[in-house]
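One chain, subunit A, appears in both complexes that follow, with subunit B as partner in the first and subunit C in the second.
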Partner chain A sequence: MADTIARANALEGRFLNDEGITLVRAEPSTRLSLRAPKTAVKSLSKALGLDLPQRPKASTAKDGRVALWLGPDEWLVIDETEADLVGVCASVTAFHSAVEVSHRNTAVLVSGPRCETVLNAGCPQDLSLVAFPVGACSRTVFGKAEIVLWRTGSDAFRVECWRSFSDYVFMLLEQAARDR
Partner chain B sequence: MLLIHCPYCQEDRPELEFRHAGEAHIARPENMAEMSDEDFERFFFIRSNPKGIVYERWRHIHGCARFFNAARDTVSDKFLMTYKAGEPKPDLDGEGK
Partner chain C sequence: MTQPFRIATAGRLGKADPVRFTFDGKSFEGLTGDTLASALLANGVHLVGRSFKYHRPRGMVSAGAEEPNALVGIHRDAARRAPNVRATVQEIYEGLNAVSQNRWPSLSFDIGALNDLASPFFSAGFYYKTFMWPKAAWERVYEPFIRRAAGLGEAPDRPDPDCYANRFAHCDVLVIGGGAAGLSAALAAADTGARVILADEQAETGGALRYETGAMIDGKPGWDWAQAVAADLVSRENVRLLTRTTGFGYYAQNMVGLVERLTDHLASPAQDQPRERLWQVRARRVVLATGAIERHMVFPDNDRPGIMLASAARTYLNHYGVAVGRNVAVYTAEDSAWYAAIDLKRAGVAIAAIVDCRPDPQGPHVEEAQRLGIECLTGHAVNGTGGRLRVSSIKVGPISGGAERSISCDALLTSSGWTPAVHLFSQSRGKLAFDAETQRFLPGQTVQELVSIGACAGSVDLEETVADALKAGHEAAGASGNPPKLSSNSTERWSGGMLGAGEGAGAESTAKAFVDFQNDVTAKDIRQAVREGMRSIEHVKRFTTTGMATDQGKTSNMHGLAIAAEMLDRPIPDVGLTTFRAPYTPVTFGALVGHGKGRLFEPVRRTPMHDWAAAHGAVFEDVGQWKRAWYFPKPGEDMHAAVARECRTVRQSAGIFDATTLGKIEVVGPDAARFMELMYTNPWQKLGVGRCRYGVMLREDGFIYDDGVVGRLAEDRFHVTTTTGGAPRVLNHMEDYLQTEFPDLKVYLTSTSEQWAVIAVQGPKSRDIIAPLVEGIDLSDEAMPHMSVREGMICGVPTRLFRMSFTGERGFEINVPADYGCAVWEAVWAEGEKHGACAYGTETMHVLRAEKGFIIVGQETDGTVTPHDAGLSWAIGKKKTDFVGMRGLMRPDLVAPGRKQLVGLRTRDPKTVLEEGAQIVADPQAPVPVPMLGHVTSSYWSENCGHSIALALVAGGHERMGETLYVPMPDGVIEVEVTSTVFFDEKGERTNG
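And now, the complex of A and B:
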C-alpha cells in the first residue's frame, strides 16, 4: 500500500515529437470565462490591461495574457503568468460575469509544419492561413470534444479543452500525428 | 459537409458545430394559466411541418453558442438564409402554407 498520494496534473509527462509535428502540454495558466454586455467592455479592458476583441474569431494578446473572442458577449481570458484574473475583474463595477475556470481547462500546444493537417483530423474548420490567420481563435469541435483553438503562429496552435477530455484530445492528436 | 452561415460569427461554419432547436417564431402566450387545453396543445405540440420552406431556430453551440433563425428548404435541405434572433421573419417566395 502506498504511503503517499501524489497529485498528477492532467496530461502530465505527455509529449510527442514526430516528423513535422510536436505535441506538448501547456504550462498551467489562470483562465477566466468572461461575459459582459457592450457597456462593460471598456472598463473590463482597462482593468485587464488589454482590449477585449469585438470581432468574431479575434484575439488580443499582451504580456502573457490573452483574450479570445468566443461569442458577441463572451471571452476566454488566459494568463500564462498565473495572475489572479478574478481579482483583477473584481474592481470593475460595471455589470459582468467573471468565472474562474483555470482548473476546468487544460491546453495542448500543437506545433510544426504538419499542425494544420493533424488538427483537421478532428476539427472540421478551414485552418488555412487565409481563413484562420495567426491570432485567430474559435470555439469548435475536435472529434467528440469541444475545444477552443487559438493560432499562435503560422505553424503553431494552442488547443484548450476541458480537463476531463484532455486524454481523449491528446490521444486523437497522437493518432493523427502518426497517420501519414 | 454542410456549411451553415452563422450570423454572429459572420462566416460559413461546418454543420458539426450546430444544433437544431425547433421551429422559429412561436410566440409564448402571456395568459397560459387561462388557456383552454386545446389552445395549449396547439401552442405546445402542434408544429407546421410543411414540405418546402421552414423557419427554424438553430444554435451555434460549439461556436459562439448563440441562437439564431434559419430558413431552410425541407426538400433540398438547403439553407436559404440565416438571420439573428429577434429579427423579423423574412418574406421568401414559395413560402410553405
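And now, the complex of A and C:
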C-alpha cells in the first residue's frame, strides 16, 4: 500500500510579488458546497459552529472556517484547517445537500494596495471598500472564468476558482498586475 | 528656417523642447506639446492628404477629434502601422514617422486625381447604379475595385505586438468632457465627497478655453483656471481624472465605455506598458459636457488646403503659437469666427477680409475688427476659391447681387455655427429636440440618469454654463442645499449661424461645394438623392454616403440634413436625423479585446494528469476548452500505428485512460430518484444503492440531449456523469427544470466535475492492476459486478470506484479527489506496466466504443436523433408516466416509419475506411439529385476486427440489415453492407472476461 499522498496544488510554484500587488496560491483547504432551505439553516449553523450568513455578499468566519453566501439557499464553506466538513454536516437530519468540493476549487490570495484595480481588470463588480467591505463575498466573473471572491482585508482578497481555470485566472492576474 | 509659422509670442508651448519627426519621409521640427497638425502647420504644411473619391488635395480642417481630412498613417515599426490617425489628435514625439494616404505616386502629384475630372461619373448612388450587371463582373471587376477603393489607409499586415488593458470602474458621477462645464461639474461633485471620474479626450483639460481668450473664471483667465482645477482634482482621493480618454459609447444602465490612450504620444513606451486601456464605467449619474463642434461653410471649392474652421485657427494660434497663414481671410455666418480674425490680426497676421453672409452683424467683435482696420464685408458671400495644393484666393460678392471681386489669401477660416455634440446623449437613447430658433438639435427627454451641460446642451454663455455645471455636479452627487458658486464671464459671443449650402452652392449650381469632406459628398449630391426619390435622411445618407466616413459626419450631418430638408420643402425635424451610434470616434480592436488575446484568449483547461501525459509523449486534442490526450505515440509511430497498438493492448491486457473531463453532477435529496426519473428516460427508483445505470437525457422535443453513467451512492444521492462538452449545459438544463417545473422536489444539484480526477482502467487485466492499490472494496465479480459503484480507499485516499466499461472490456473508473489524481495515476501506471498495459487517448477510446456500437452524443446524434433512432429504445422506462421528452417522442414525425436510424456499415473492401460525414445512397446511378439515405457518423480502422468499421444514420436503417448501399466519393463509389452496430464481442461476454 502506498503512503498517504500529499495534495498536488494546481498552482504549485506560482507566485508574483510586484509593486503594490502580491499573488500567492492559498494553502490546501477543505470545501463544502452547501445547499439548504431556511428550515435547515439553524441546525447546519450549529453543526458548523458558525452562523450561515443570510444576506447577499455576506460571510461568516470563525477559527479558520468561513461560510460564504452565494445564493438564498447556497453557501461555499471553506476550512483552512482541512477539517472534514462533510462529516460535520452528516449529523444534520433536516433536508440539505452537503457536497464535498475540496479539490474542485483552488484559490489565489491577492493582496497589496493595487488589489482592487488588478481584480477590476476582469471583475465588473464595484470593489471599493464602501460597496465591497472586508468580509464581503460574491460569485462573479474574472475575465472568462467564474470565481468566488472574498475580501479578507482592506487590501486582501481570496479568489476561488475551479481547478482547471486556475492557470487562466493566475495568468490574467499577472497580466493585470502589469497595467500600472 | 524651421517652423516659419511659429509665433514666439503666441501660444503656450513657449520654450518647449524641439521634437524631430518625419512626414512622407521629409524631416520636420516641432515642439513638445504639438500635435502632428500644429507641428506641420508651424512648418507651413497644409496639404496632408487626398480625398477618398476624387483624390482632391486636402489639409487640416479642425484642431480636434472631429477632423475629417487630415488622416495619416503613423508607422512606429514594421508591425505598428496605424492607419487613419487624425493628425489633429496625434501628439508628436521624437522620431514620429507619419505618411500620407490615398495618393500615388506622391501627395502633390496623385494619379487618382483624374477621378476629380471624371466626377460626373462618380455621382451620388454611383455604386448602386454602376455595379449592377453583368453578374459575372461582380467577382472579377466590381468587388476588387470596390475593395481597393473602399476606405482610406492600409491595415497593418502583422500581428499587433502591443498589449491592451481593461478596467471596470464604478463611480457616483462620471463627467465626460473637461472644458469649463465639465471641470465645474466635477469640482462641485468632488466637493461633496462623491466618487468622481472625469474624462477628457485631450492631453490637457480645458476644452474651448484652449483658444477662447476672453474667458475669465474665478478671477483667472480661463485656461489658467482650467489647469488649476485639474491639478486640484488630481490631488483628491475621490477623483480620477483621465486625460487622452474618449467617452466613446453610452450603453444601458449608465455603462459608459472610455478608451484611454497611454502610449501613442510616447517616443519609446516601455515594453509591457499597455498601449490603450478600456474603461467600462458604471456611473450612478453621468454629466455630459461634450461641447459643440464648429461647422464649415458650404460653398464652391470649399475644400482646398488652407481652408479650415475658425476655431481651429484660433487653437493653433492661441495654444500652439502657430499662424495658419500670412494673409488670412474669414468667411462666417456667426460671431465667434470674428475673434479668429481679431486674434490673428493682434498677433501680427494680415487679415485679407472678414466675409459675413449676414447683412448686419452687430457687437463688440464687429467694432473691434473695424478698429483693427480689418475689411469687413457683411452681406457678402464667398462664391469660389482658387489655388491647387493650397488656397490662394477667394471670389467674394454681395449676396444682394453685384460685382464679384477676387481677394488673395493663403488661408480661409470658415464657420457656419456650432453643432452641440449630442452623440453620447443620443446613444443613451435620450430624445433630441429641434430648437427652431437656433436651428439646433438639443438634448430633450432623458432616459437614463444623466444631465447635459454647457455647449452640448445649447448654452452659448459662459456664466450660464459654469453656474449650470456647478449645480449639475452638485446634484449629480446627490447633495442637497446650494451648489457652490464661481464668478465667470466672457467677452466673447457665440451666436448666429446657418445650416446648409451658402450662396454660389444653390440648387442650380454644379459646383463642388463639399458637405462631407472625407466621403467627398457635395451639396449637389444630396440634392440629386432627393431628386431620385430619397425622402428619409436615412436613405439620403446611404445613397450619398454622407456622414458614413470615419468621422461619422461630425462637421457635415447638419448641413446634409438642411439641404435635404430644403429640397423636400419640409421642416428639418420632419426629415429626421440619422442615428448616433457608438463609437463616438474610432476605437481600436486592441482596446476592445483588451487582455483577451494570446494565452488569455480563452481558458485552457488541463487535467491533473496532463503533465504526466505530456511527459509520456501524448499528442493532445482540444475538446471544448479542455486539452485531452489524443494518443500516445511511441518513437517511430504515427497516429495510425499508435492507435492500432493502443486498441490491441486494451483488449489483450489493459489500457489506462484519463476520463477526468467528463461532467459530474451530484444529485442529493430525498426526491433525488424522482428527479432523476423526470430528467432521464430510464427508471431510477428501483436502482439499488451501489449500482449504476447508463442514462439517456432528452430535450422536451424528444431528441437525445446527453448521456452518461449514473451511480447511486445512497438512497438520496446520485453521482451523475455527463459528456465532456455537455457538463455546463446539462447542469443548467437540470436546474431550469428543477426551479421552474419541479420546484416542489426536495433535491439539490452540485457540479463536481472538477472535484474528481477519473482514471479509467479497461481490459482483461484491469482488476489485477488496481487490486493491490484498493482498500476496503471487494473487487470480486460477485461483490462488485459490472455496473456497480463502491466507496473506499485507493493508494490511501478516498475513491468512488465504478465498475463500468466504455470499451466492452472488464473495466473500472477510479474517481479520486483531483489533487491526488496524478499520484494515483502514477501508482496505477506502475501496476499496469507489470501487466503490459498502455496509456491510451481519446482516439482509441473512440475506436473501442465504436467496435461495441456505443454512441457518442454529438457524433452519432445531431439534435434530431431519438433514442429509438439510436437503438436505445431499451433505455426508456416502459412503465414511466412522465419524463422530459416523453410527449415529444409521441409526435407523429418521431414515430413515422423511414426515420434515419443508427446502423453499422462494413465496406466490401475491408481495408477501405469511409469518411465521416460521407453521404449514403441506394443507387449511385440514379439521376441527380440522387436521393440521400443518410450519412456516416463514425468511421475507423479496427485493429481488433481486422477490418474497417463505421456507424451511420440511414433512413429505415433497422429494416435494411444485410442490404448493399453505396457511398459516392470524388474518386469512386464505395460499396457497403448494412450491419448491426456491434462489431466486436456481440454477446458482451468480455465485460466479465
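Of note:
One rule holds in what follows: the second predicted complex is superposed on the first by the 172 of 180 C-alpha atoms of A that agree within 3 Å, B and C clash if a C-alpha of one lies under 4 Å from a C-alpha of the other, contacts with A are read in each partner's own complex, and residues count from 1 in each chain.
By definition in this document, a contact is a pair of C-beta atoms (placed from the backbone, for glycine too) under 8 Å apart; a residue touches a chain by one contact, two chains touch by 3 or more.
On a predicted model such as this, the values are computed, not experimentally measured, just so you know.
Contact with subunit C, but none with subunit B, is seen for A:178 once the two complexes are overlaid on the shared chain.
More residues of subunit A are in touch with C than with the other of subunit B and subunit C.
Once the two complexes are laid over each other on the shared chain, residue contacts for A:56 go to subunit B alone; subunit C is not touched. In the overlay built on the shared chain, the residue A:7 is in contact with subunit C alone; subunit B does not reach it. When the two complexes are overlaid on their common chain A, residue A:153 makes contact with neither subunit B nor subunit C. By the touch criterion stated above, A:143 is placed in contact with subunit C alone, subunit B being left untouched. Once the two complexes are laid over each other on the shared chain, residue contacts for A:87 go to neither subunit B nor subunit C.
In the superposition on chain A, contact is made by A:124 with both subunit B and subunit C. Residues common to the contacts of subunit A with subunit B and with subunit C across the two structures: 124-125.
Every residue of subunit A that touches subunit C in the complex is listed here, in rising order: 1-10, 28, 33, 35, 73, 95-105, 117, 120-126, 128, 131, 143-145, 162-165, 167-168, 171-172, 175-176, 178-180. Residues 56-57, 70-72, 74, 124-125, 138-141, 146 of subunit A are the ones touching subunit B in the complex.
On the side of subunit B, the complex with subunit A involves touching residues 1, 8-11, 13-14, 16-17, 62-66.
Touching subunit A in their complex are the following residues of subunit C: 163, 165-170, 195, 272-274, 277, 280, 282, 595-596, 599-600, 602-608, 625-626, 666, 668-670, 746-748, 750-756, 773, 775, 795-797, 817-824, 827.
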